[in-house]
Structure formats: C-alpha cells, structure tokens
Amino acid sequence: MNDTLKSLRFTLLAVVAALFVSAFIIVITDIEALGNGDFGKALSTLGTAYWGLFKGSFGSLRAISNTITGATPLLLAGLAVSSAFKAGLFNIGATGQMLAGAITGLWVGFAFQLPPLLHVPLALVASAVGGAAFGAIPGILKARTGAHEVITTIMLNGIASFTVLWLLKTELFKREGRDDAISKFVEDSAKLPKLFWFMGKRIDLLAHTGFVVALLATFVFWWLLRKTTLGFEMQATGLNQEAARYAGMRTKSLMVVSMAIAGSFAGLAGGTEVMGLYGYASATVAGDIGFDAIAVALLGRSTPIGTLVSALLFGALQAGGRQMQVDTDVPIDLIIVLRALIVMFIAAPLLVKAMFRVKGEVKSFGQTFRGWGG
Amino acid sequence: MLARINKRVRHPSYEREKHTMRKQRGLKSAALAIAAFALIASACGSDDAAEEVTEDTEAATEETTAPLPGAGVLACMVTDTGGVDDKGFNQISYAGMQKAEAELGVTIDLLESASDADYAPNLQSFADKGCNITVTVGFLLGDATKAAAEANTGLNYAIVDYAYDPPVANARGLVFATDQPSFMAGYLSAAMSKSGIVGTYGGVNIPPVTAFMEGFRKGVEYYNAQKGASVKLLGWDGTDGTFAGNFESLDDGKNIAKSQADEGADIIFPVAGPVGLGSAQFALESAGKVKIIGVDVDMSVSNPDAAEVYIASVLKNIDAAVFAAISDVVSGSGVTDNYVGTLANGGVGVAFTAVPADLQAEVEAIGAGIADGSIKL
Amino acid sequence: MTTTQGIVISAEQRKRARSVGITYLVLAAVCLLVFTRRAGDAGFKIGESSQFTLPAQGFGWALGIVLVAVAAGQLLRGYGKLSNVVLALATAAFFMSFLAWAAAGDSFSFVGMLQDTVSRSVPITLGAIGGILSERSGVINISIEGMLLAAACTSAIGASLTNLWIGTLVGVLTGVALAAVLAVMSIRYKVDQVIVGFAINFFALGVTSFVSFRVLVPNRDTMNNLLPVMPIRIPLLADIPFIGQILFDQTIFVYFSFVAVALATWGLYRTKWGLRTRAIGEYPRAAGTLGVDVNKLRYRNLLLAGAVAGVGGAWWPIGIVGRFDQNITNGRGFIALAAVIFGRWHPVGALCGALVFALSEAVRLKIGNFDTGIPSEFLIMAPYVVTIVVVAGFIGASRAPKAAGQVYEDQ
Amino acid sequence: MKFELRGITKRFPGVVANDGVNLHVSTGEVLALIGENGAGKSTLMNVLYGLYRADEGELLIDGKPSHFSSPADAIAAGIGMVHQHFMLVPVMTVAENVVLGVEPTGRFGSLDIDEARRMVREVSDKYSLELDPDAVIEDLSVGVRQRVEIVKVLMRDAKIVVFDEPTAVLTPSEILEFFEIVRSLVAAGRGVIFITHKLKEALSVADRINVLRRGKVVGEALPKNTSESQIAEMMVGRAVQLVVDKTEAVPRESMLDVRNVTVVEPDGRVVVDDVTFEVRVGEIVGVAGVQGNGQTELVEAIAGLRRAASGSIVLGGRDITTDSPRERHEAGMAHIPEDRQRQGLVTDLSIVENLVLTRYHDSEFSSGIRMKWDVAKTRAKELVAAYDIRTTDPAQPASTLSGGNQQKVIVARELSREIRLAVAAQPTRGIDVGSIEYVHAQIVKERDAGRAVLVVSTELDEVMSLADRVLVMYRGRIVADVDPKKVSHMDIGLYMAGSRPSGAVA
C-alpha cells in the first residue's frame, strides 16, 4: 500500500473514531430517552443527526454552496496560521487580523465610487493591507523586545474587537438611520460576485467568489513556499532560526514580514466576508473563525494543500451541523466537539492504530510548534 | 476562549428556565425518532424527503391536542449567536413562541446560529420548510431577515430589536421603548436609595443596552429635580460608562456590583444579561445592603433563589410581542407595520417587587405621565 | 602577561538603559500634559471611614518634574543595581498619579479595588500554576482554558447535586481527567502537545456548551443551582488596617491560591520532587540517565496540574457566582497562559502576572465611574494593553523550560 | 566484580549498530574501547547502561545473567556512565545536578541542600576534583563539567565507570589530570571502560584495548605489544595517514586583518579582549584554546554574527566591521560554523536546500524573488559527486545524512565558490576518520589555491597538524602566536591553560 493511500486510510479512520466518540456523547446526554429506558430512540436520533450532517454538507448544490461559504474564511484564516507556523511563529491573532482587514476593506468598499473591476481588487488589497499592518505588530514586538507572540496576539484580538466595536459607532462607519453597532453597506461595485451567478435567481446559493480569492491565496502560499527566496528564508527561519541567522538571513525582519504575510491572509478573510457574504461589518464578523483556523492549520500540517483540505472539511462540518440542527434537537455545539475530536485523532496516528488494530509502521504527525523558544 | 470575548454581543436579558421547553422538544424528537429509521431506509430520496417526514410527524404530534385556531400554522425562530438558552432576548422570544404553541396551537420550530454566517442559511431552511412566520432575534439578523422577506413574499417575518425604515410588507420589526420603564426605575431607585448613590452598568456599549441605562439616568435626574435631591448615579454619565465587555462572565457582574457598592451604591441596575446574575449573587451575599433592579422580565420570579434582592424589574415584553406577531399571522391580519412596545401599549413596563405602596403609586403616576406624553423623556 | 576578564557595559545594556530613560520621559510627558488637566483632590478610601487624598493636578506636576529628573539621571549615568527599584517606584507613582487624575474631585474605594484585584486573580493564578507544573515538566499546556471551563461545568453539577466540597472535588477530577488526556496523548501517543492542547480546549468548549444546553438548562434547579462560598475573615490578620481587608477577608479559594503559590514555589525549588521536575523540563535525558523515570514523573505532574486547574475552574460556580454558564471562563485560561510566560515559569511570577491583569481589570471598572473621556471600549481593552506593555517592555524574551514541547523517548 | 556482554546485537531502522559484540571488564582494570565515529561504541554503552534494549545477546554480572531495563537498574548494579554529551542540567547548580536521583531529603520530602553540598565536597575532596557545589553548570568550563559528571558517578558508588569520549574537550594538561583520576579510580578498586577514538590516549591509559568497527569487535590488543598504526588499521580497516599531507606555506599579502577587537556579552562580560592578528593569503592560521575562551565569539565577530564593541575587521582591504553576515559573505568570506546541526544546516530541509542555504540570493540561484530550484538541483548533483557526499537522493532531508556527510555538505557549500577567506570552526568535530581526512585535504587545497584560511579548533592535534601558524586564546586574549613545528604540544597546552612555558618569549 502506498503512502498516500495509507495516510488517507488513517484520516478516514480518525474521522470514524471522532464520529464514534461524538455519538457516544449524543446518546449519553439524551437524559430523557435514557431515563425512559428508550435506548432505541436515542440511537435513532443519532442516525438522523449524522445523516443530516452529510446531507447538509454535500447532499445538494445548496449544501455544497454552504460548505464552500463556510470554508472560504476558514481557508484564508487557516493560511494566516499556517504561514506563520512555517516561519516558526504561532499566530493566535487571526481574529484580530480579520477584523482589521474587514474594517479597511469595508472602508474602501463604501468610501469610494469606482467601477467594479477596480473597486473589488482595491478593496481586497485594502483588507490585505489592513490585516498585514495589524499582523505585523506582534512581529515587531517579538523582533524588538522578544515579547512572545502567543501572548501578544491573544491580547491584540481583544484590542481589535473592542476597537471595531467603537469604530462601528463612529459617524464614519455607522449606518445612517441606525444606532446599532453595525456598519454602512459597501457599494455594489465592491461586492464580490456570487460563485454560482450563472444559476440565476438562486439566492440560497451564498457561495461567493471569495472562495476563488482563497484558492488563489492558497496558490500564492504554495508559490511563496516553493518558489521564492522569501519563502525559503521563512522556512529556514522557522525550522532553525540560528542556522538561518548564520546563513545571513535577517531573521528579525523575517519575523515581521512573516507576520505581515500571515496578517494579510487573515485580512483577506475579513475582507471577503464583508464584501462577499454580509455586505457590511459588525463586531462579530470574525466570529470564532480565527480560532477555528488554528485547528485548520494544525490539521493541515501548515501545508497549502493540507490547509485547503481541512478548511473544506471544517466548512462541511459547519454546513452539515446546521442541517443536523434542522433535523434533530442535537445542538450545533456538537460540531465543536466533533472538530476537536477529529483534530485529536488525526494528530494521533498511534492511537488510531491501536484503536483499530492496524498493522504496520505509522508516520508520526510531526511537530508544528517548537516550544516557547526565547 | 478569548477569541470569544466579544462574540456574543447580545442584549439585556434575564433568567427564565422553561421546564416545558425541553419537554416539547423531547416530544418532537420522539416522533422524529420513529421516523428516523424509515428515513435512513429511504435515504437515497430527494433532499426534501427528510423535511416531509418531519412535517408529517409534527402534524401527528398536534393531533393529540384539541383543534386551535393556529393548527397548521408553522412558526419558526432563528436565534442570534447567543442561542436559545441565553437567559436573554433569544430565550424570551422563544417563550413567546411556546406561548403561541400552547394557546394558538401553532407548530413551532427553532434553529440556533453558531455564527453570523448561519443567519442566511437558517432563514433559507425555514423558507424551504414553508414557515408561515419566522421570528428572528437581534439587529445582526436585520439584513438577512429583510433579504429573506423580500425573496419569500408569501411568508411572514418578525424581528426582535430591529425596525425597518421604510417598512417591509411582510416583515415586522419589534422594538421597545425601554428608556420609558427604565426612567421609572431610575426614579424609584433614587427614591429608595439610603446612601444617595445608585449604580448601573451594561454588558457591551451598544444602543439596545444603553437605552436602558440612559432612561435610568434620566429617571434619577428627574427625581433629583423634583425632590431637590442629589442622588448620584455610577456607571453611566449619558455618553459612556461601565461595561462588562461581555454577556457571559457572571464573575464580572459580581465584581462590578462589589466595585459600585464599595463606592456606596445600594441599588444597582445591571443591563447585561447573565452577567447581572452575578450582581444578584453579590446582593444576596451583602445581606440586604445592596438591592438590584431586574431587567427584561420580572427577575424575582425568574431568579427565585435571589428573589429577595430585587426591588423591581424593568419589563421588556418581547414574548408578548412575538406572540402577537404570530397571532396576527394566524388571524390573517399580517405583519405589515413595525411594532413599538411602549408604556402606553404595555409593550414595556415595571414590575414592582418590594416597593412601598405610596412610592409605587408615585412611580406608576410617572409612568402614566410618560404614557400620555405629559412627561417628556 | 596576565589577563583579566573584565565587565563593561555592553551595547545591549546601553540600549536598554536608553529605552528605559525614554520611557521615563514619556511617562513624565503624560504626567505633565494629561494628568495636570483635571483639578481637584482625589480621595483614596483605604478603610471603612479612612481615606487619603492626592491633589490630582499638583501630584501630576510634581511627579512629572520628578520623572524628568529621574529620566535625566537614567540617561546620564544610570542607577546601576537600583535601576529596577527606581523603575518599580516610578511605575507605581505614575499609576497613583493616573488614579488621582481619573478620580480628581471625587473619591473611590482604593481598598475595594485591591480586594477585587486579589479575588479576580484566583482562577488566573491557579490556571497558571497548572501551566507551570506541566511546562516545568516539559509538556506545553495550551489547554488551561479547557481545563478551567470543564471543571467549572462539572463542579457546578457536582455541587448542586451534593455539596460544595464534593463539587470542588468533581471539578478537580475533571481537571485531572483532561490532564490525563493531555498526558496520554502527548507522552504515550507522542502527539504534538500544542495540537492536543488546542483539541482539549475545543472539546471542553463544545462539550460544556452541549451539556449546558441538553442537561443543565432543562434541569436548572437540581443540577446548576448552588450557594457559593462566603468570605472567611481570618481573626487578627483581617484586622490589620488596609492589608487585612485586602488579603484576609476573602474566600477560601483566595487562601487556597496563596497556599498553592507557596507550595508550588517551595515544592519546585526546595524538594526532591521539584529538583526532578525542573530537571525533566530542562534536560530530561540528564534525569533519565540517573534513573529518574521521566515519563512517569511527567504523568504525575500533569495530573497534579490538572487538579490545580480544576480548583481554578471550580472557582466560578463555587467560589463566586453559584452556577455554570456557557463559556463562563471567557478566555481567562489564556490569560493564565500569559501569566505563566510573564512570570517566567515561576509560581510567584505567575501570581504577579495574574495580579497585574486583575488589577487592570479592577482599575478599569473604577475608572468607568468617572468622566475621564476615555471611551469604555478602550477601558475594556486596558488589561490587554497593559499585558502587552508589561510583556514587551519589562519581560522581553523569557527563558522557557527547554524541553517543553518535546517528546521524551524512553529508549 | 566482572562485567560481561555476550553477543549483543542492536538494530536501528536500516542500520545494525552492534553486531554480536562480546566484551568484558573487571574491577581494577581499564578497558579502552576504540573505534571510529559511527562504529557503534556509544550504542553499545547505551545498551550496557539500560538506555537501549539490545535485540539479542545477554549481560552477565559475575557470571550471572542480568537484565537492565532502565538506567536505574544499571546504577543499582554498579554501573556509572559519563556521557559524551554531558547529562547536566545547565540552569541548575553542581550540587543539584550531582544529587539528582539520589537526593538527600529532610522533612516533608524537602531537599536537604546542605547535605547535598557536603556530599559533593566530600567526594570532590577525596579525588581532589575541586568543585564548588553552588556554581551553576552553565557558568562552568567543560573540564569542570566533566568533573561534575565524575562526581555524579562516584556518588552513586559505581563499580564500573564508563567514560564516553571523555577527552574530546579537554586541554592536554586536563587530559593528564583526567588520566590521574582514572588511575585513582582503578586504585580505589573500580573498573573503567574508556571509549575513545584517540589512539594515543588508549595506549597510554588502558590495560586492554578492544577495537570496534562497523558494530563488531574486530580485535583486542594489549598496549604494551601494539603500535599505534596497528590499532589504527584495525579501526579503519585500511592503512590511514595520521598526518596532514601538506607543503610548506607560502604566505603572501594580508587578507584578514583583525585589529583590537573586543566583544562584550549582553550582560557586560568581556569575552574577546582586544584581539589583534592577521591571516595572509596562502596560509592556514589555527586558533587553539580550551572551549569557552572566546574563540566562538571571535569567529562570530569575524562572521558578522556579533557586533564588535570596538576594534576593526578588514577583509582584503575593505573594512567589514559593521557589515552584515551577508555582506561579508558576498565580500568573499566563507564560514563553516562550529555546530553543524544548529548553525550550519537546517536538517529538516533537503540537501539541495542546504547546499544553497547561504547562497540562495546569488544570481546563480535566484532572480531576487524567484528561486531557480532547477539550477540548485543540478548544482547539488555536481557537488554531491565532487565532495563525495554519500546520499541516494539530494532531495532527502539533510537529517538523513551521517555527521561526516553533513559536514561535507557545509564544506561543499562554503568552499565551492570564489572565496578569499575561509573561516572554519571545529571543522571535524564528531566526524569519522575518513571524513576528517577529506575535510583537512579540502582546507589545505583552499590554502594552496591562494586563499586565506582561519581554523578554530579545540582539538590541539588538529590545529598543530593543519595550521601553518597557531594562535592560542586564553580568557578572550591571544596569548601566543607560534609556529607549530617549533613548539611542543605540551608548551601549547601550557599557553592554553594560561601559563607560559619556561623560557618562552611572549
């Protein structure tokens, strides 16, 4: 059996293991049914729930559209975490960077009147720049003072979300006629076209061309890593900072540049949400995406393809979780559990091997984060 | 997780645990479950198969109840990210739904949103299901609800804490003049404070929260003007003040209450959902030194363990407004106009718990004055 | 031809001295330009009826001028060994001037603010000790937040169904159980510790929300309803003016966190266990070749870490609010992680980190009562900003246990 | 006590590290185990010490079969080990390190640190090892650290003490002291296993010598009737050359001119103190000295990794004092750093990538933004062939290479371009004899090709045989500048220890 097939089998087994453990949780928390001794009922809830999970993620064009819609920001924010990992930095700050990108993209989106062919790219660039600028801060702090990015990015998330809340109530951003902390709409010319525009009036197909932007960004990340001197420097620094310094690389500037690149991906995640999905910004526009993105990156082992695949998987879980909720009374919080379990099992091939009594050598998952450094 | 610090920007809320809620859902799932195997058996059917089965079973559930005017009407609700158990406006709205189920015989259904990205798909799910009325909760759903209403002109919508201007033909905004009862509460607090200092604080600095705080402030000022007193208000100065920064950390509520009590406040008005429960806990431990004004519903009823700490509650009758909207759909009169809950129409009010009778009369008179316009806010 | 290996002032030291000097100038500028803007006396209440007052404007002027002098001294010749003392004094004085400015013409309970600070620091401190115990043994612990959250949930249920003691115990066991997952996955199955940690966080968040929705909401009265512990006045000690009120009129959780800090410090630096623990976190092979069972000790320490974090989680329902709610910990576990790094993996340092964060929270609530013109959103951010400034300005790169994050191969 | 290994076989994926090894040692004797790097010496000792489990074979103590499943068992059986890489926790004190695992305790499990200090003093006095129990390991010199390791072993009352490459980091005089310690151990009734690749040492201290090659014991010899070259041949499997083959140097103009350079640590310690010297075209200048006397910092200052606090560095007439490492690199300086794995390579990257690690920005390999990986690959193939780097595929990570081949990667990368000065720090540390010869030959070739070469090494033999001129560093200063052909090892050793040979003129 070749390597790809083997790792695919492990991934599948890991997902099966996660579904199994979640199933256990669904059943044992069905207190009422268990109290009545109605075990069959608890089990059938389970069947409906998992069928909904599948149906809602891949069962129809709309399901696929929803999966893509969910995967778009996860992929971009996931790239923000992955690219930082590649440079040896742990970026917990994708949330803040997304908010920064959402705000700058939003501003360009409503403050200018331009033809769409100009407006959309300009707003996208603005959100990338906004995210990059915000992302560079922890890079600068680390390069200049040694402050660990895990601390600074967590703190900057809090700072970003309250700054945005404050900004949304200023005259510049506030939607006319409303007191709520909700922004103006971006101009139509700055809106990202729908992905399934050719389907005409299907307004239920929410997927937008932000997904194309995300795919392009994935390609850019791949290209950066594989083809450029900068990507080479980032990886060398990430793997062995001292050797990179000995090789004449400016590792401190690289920290800043790497964080800025990471921030620009996250900024695009914020920008595409505003320009593609909502048309406006609120203080919750980033949601938990920046956090889920860490799981995406960990799962994808920080590679471009891995990040893409795990973002799609998480997008599918999100869309499927919604359908599961429609079909049963299993709360959508289960999806968070399921994700945690999938991450855990995929990262633990040895455990999966022991659970399913698989024979043969297992390739370890490898290490993403090399201690606290310092 | 810290990423969530400000995730749940939601609304002032309260505490009411409906035991019936779970039961209803339980019944529904029981019926669902029976159908589930059949469903799996016919799994290769179309998308809609599941929904048809669901509807059938729900119809079956209803047959056990007596025929009511709302039979056959499907009323649905989409929460914001706070979820239906938020002890806040989602939960109160759902109480209105349950009331409609019990009294009108409508069938109800619910979808929670885990993030802003869920709003549109959830509304779409309900449109597919043919919900005669879909209630959404919170200003963040404003644009998504409008879009759904415009796409599904045959269906009705109502949204809590949002008003459409210009109005949308088949979507009713449900908003509440919460500053009016808060004004009464402010007056009441100023009158009852022994220390001459009262406090308020909010969850997050957004208008649905600060409307309460501003009304409260004006009520205190009104008392000072009327009585020549100088009761001082902590936590809100008309433009800004003290906020927990979230609607989740009960420990913040306890600490803020303590912090304000340290400055001498003996009556506190928390406008912060579950965070306010932490303040009630502090009041409980203060052995009568500190009292709390409840928010949204009569907290002495919904938080019975701490009933003694509440002197009154500012009511925002979301459940009644939701019920009324469903009722209008059942009766066929539609949901064209926005609804503004005021003291005059009973959409907002004050519940008195431990207020001397004469003061209560005085405050009720002020309420009447606001209602008839003789007292301007 | 004798050589002496001298000590001189290095370029780095000069740079740092200069930046400290510039910091003094910035502080002086803020004093002179901002803190002198509001007139009136600020009252700092330090007891039931006692208070001291600071003239906001005068204090601002005076401190501004003093700080300019301090800066001059720093830039011209430095303070040598005293420089940290000077920095601490200057920071404290600046902080007092800030409070005086904010409270000008008014008064506030200084003692209450500090009391809050101590109370709020508890879960952060306990979470941080959980972090220190595991990282000192060489396992990165990102999952403090998950341990706190899960323990908060189960201890609420346990305490509601039985009593507070058993509830706390249930919380402790929950922390231990999650720590066991971290231990087994990272030690036995060699999974990346950061991945397991994150997975535990997600898992705890998901499961507690799920349980809250499916179990606690429908059974609120029986399963999520308890009376939290009350403060215990320690006789005599609590009567010490000012200090007594701050430190010795608190709940048992506060006392426990003090004891935990003291025990952890003593344990790590004065016992056989501590020596071995530090060794396996720093250079496990050295301990391994001397016959110390590295992985066994890691297991034990992780479980202990989970237990301490479990008490931290129990603080929410049992120590303060009497119930559990979804995501009640609200990121405090990550603040605890920051406190670990801030405190350079030392329990006392972590306690200081927790206190700095808690103090900035307590301060911002006080400031909210005064019309300072600072938007409330920025006040809410204050603890985050303070953490960044302190970590970047005062702590800098800190030295982590070297082996943290690495799998130890037995063979 | 007699300790015996029979038929020990230990396999690692793809390698048989030990193949049916038999050996024995008794108390009161010194057994030298000699072999090249990679011959399986350390693996064997780790098996003996319970760190590795042997796949086959048995272990007998006084004829009785025993089984060690952890170092604790080995310690209990009376085996002590001084590892090649010291097993000391750098941030802890001598006393803490020594008592780790056998801590004296007081009440409540508290650590009786006074007792620990006393124990350290007792043992170190007994063998006159002179240790300060409260010194922190990271502040100690390598020689002192080794004494700490010895105290550790003695404290555990080891009957058989294993020394794994103990002399690699010592000065000649420290080596003599070390031999004294070994003799006193034997006199005190202990047995010693002495693992080394240095023939002279084995011959001078051992009672018996076992030679290990490719995982097998290929011979046993008694020092009194064996010659150095016989053992060497056993070790390598062929006749080896023990001296560097080179002609007389013909130094020409000055290439590197270091003037009054001082380097200061961030905490203010002066580590390079007013150093002045030059390296001329066509000569190899060697810097000798005990590790930790400023050589590392001096090299870093020359390579641009540290800023000199004062003084100037001139390369071929151009002042490079404030230039970045890359500018120096572009000005024609090659640098082979002392720690291969931490500084010279990114071992997780491929051999191809490592071969361009310092050169990726050259127009040959990139267009400024884009890497020309096809060019790099072609070039890598050439270098792999030219420098005899043993690999199946240059796309493999550098971590798959042996130490010697990793070093060849660095040498290939640094020397395969037009350079003017080569700076090599510890160029042969921890690599096999074949590779050492190869690296030495390359360095001489560079000299003969008209380049200036600066070699820094703590292996005195290496400096003496390779360099045309030797500088000795002691406490940050250059204390001697001598012609290696005109001074003895012992004299240089004295300089390295901070004293001056009698009659020498400074």
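By letter and in written order, the chains are A, B, C and D; residue numbering begins at 1 in each of them.
Just so it is clear, a contact is a pair of C-beta atoms (placed from the backbone, for glycine too) under 8 Å apart; a residue touches a chain by one contact, two chains touch by 3 or more.
Computed from a prediction, not measured in an experiment: that's the story for all the values here.
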| item | value |
| --- | --- |
| Result of counting contacting C-beta pairs for A-C and B-C, higher pair | A-C |
| Chain located farthest away, centre of chain A as origin (C-alpha) | D |
| Inter-centroid spacing, chain C versus chain B (mean Cα positions, whole Å) | 36 |
| Gap in Å, rounded to a whole number, between the CA centres of chain C and chain A | 30 |
| Intercentroid distance (Cα basis), chain D paired with chain C, Å | 44 |
| Centre-of-Cα separation between chain D and chain B, whole angstrom | 73 |
| Chain A, residues touching no fewer than two other chains | 154, 158, 162, 165-166, 331, 333, 335 |
| Where chain D touches two or more other chains, by residue | none |
| Chain C, residues touching no fewer than two other chains | 201, 205, 213, 331, 334-335, 375, 377, 380, 399 |
| Those chain pairs that satisfy the touch definition | A-B, A-C, A-D, B-C, C-D |
| Of chain D, residues touching chain A in the complex | 303-305, 324-326, 329, 335, 337, 342-349, 353, 357-358, 360-361, 366, 368-371, 373 |
| Chain C-facing residues of chain D, complex | 49, 51-53, 70-72, 75-76, 81, 83, 87-92, 96-97, 99-103, 105, 108-111, 113, 152, 156, 264-271, 273, 307, 309, 474-477, 479, 498, 500, 506 |
| List of chain A residues in touch with chain B within their complex | 32-33, 38, 40-41, 44-45, 47-48, 51-52, 55, 59-60, 62, 66, 69-70, 73, 95, 154, 157-158, 161-162, 165-166, 169, 177-182, 203-204, 206, 273, 277-280, 282-285, 287-291, 318-319, 321-323, 325-329, 331-333, 335 |
| Complex contacts: residues of chain B adjacent to chain C | 1-5, 17, 19, 21-22, 83, 85, 87, 201, 205, 234-235, 237, 240-243, 245-246, 248-251, 253-256, 258-260, 262-263, 274, 277-278, 281, 285, 305 |
| Chain C - residues contacting chain D, complex | 1, 3-13, 266, 270-276, 278-279, 282-283, 285-293, 399, 411 |
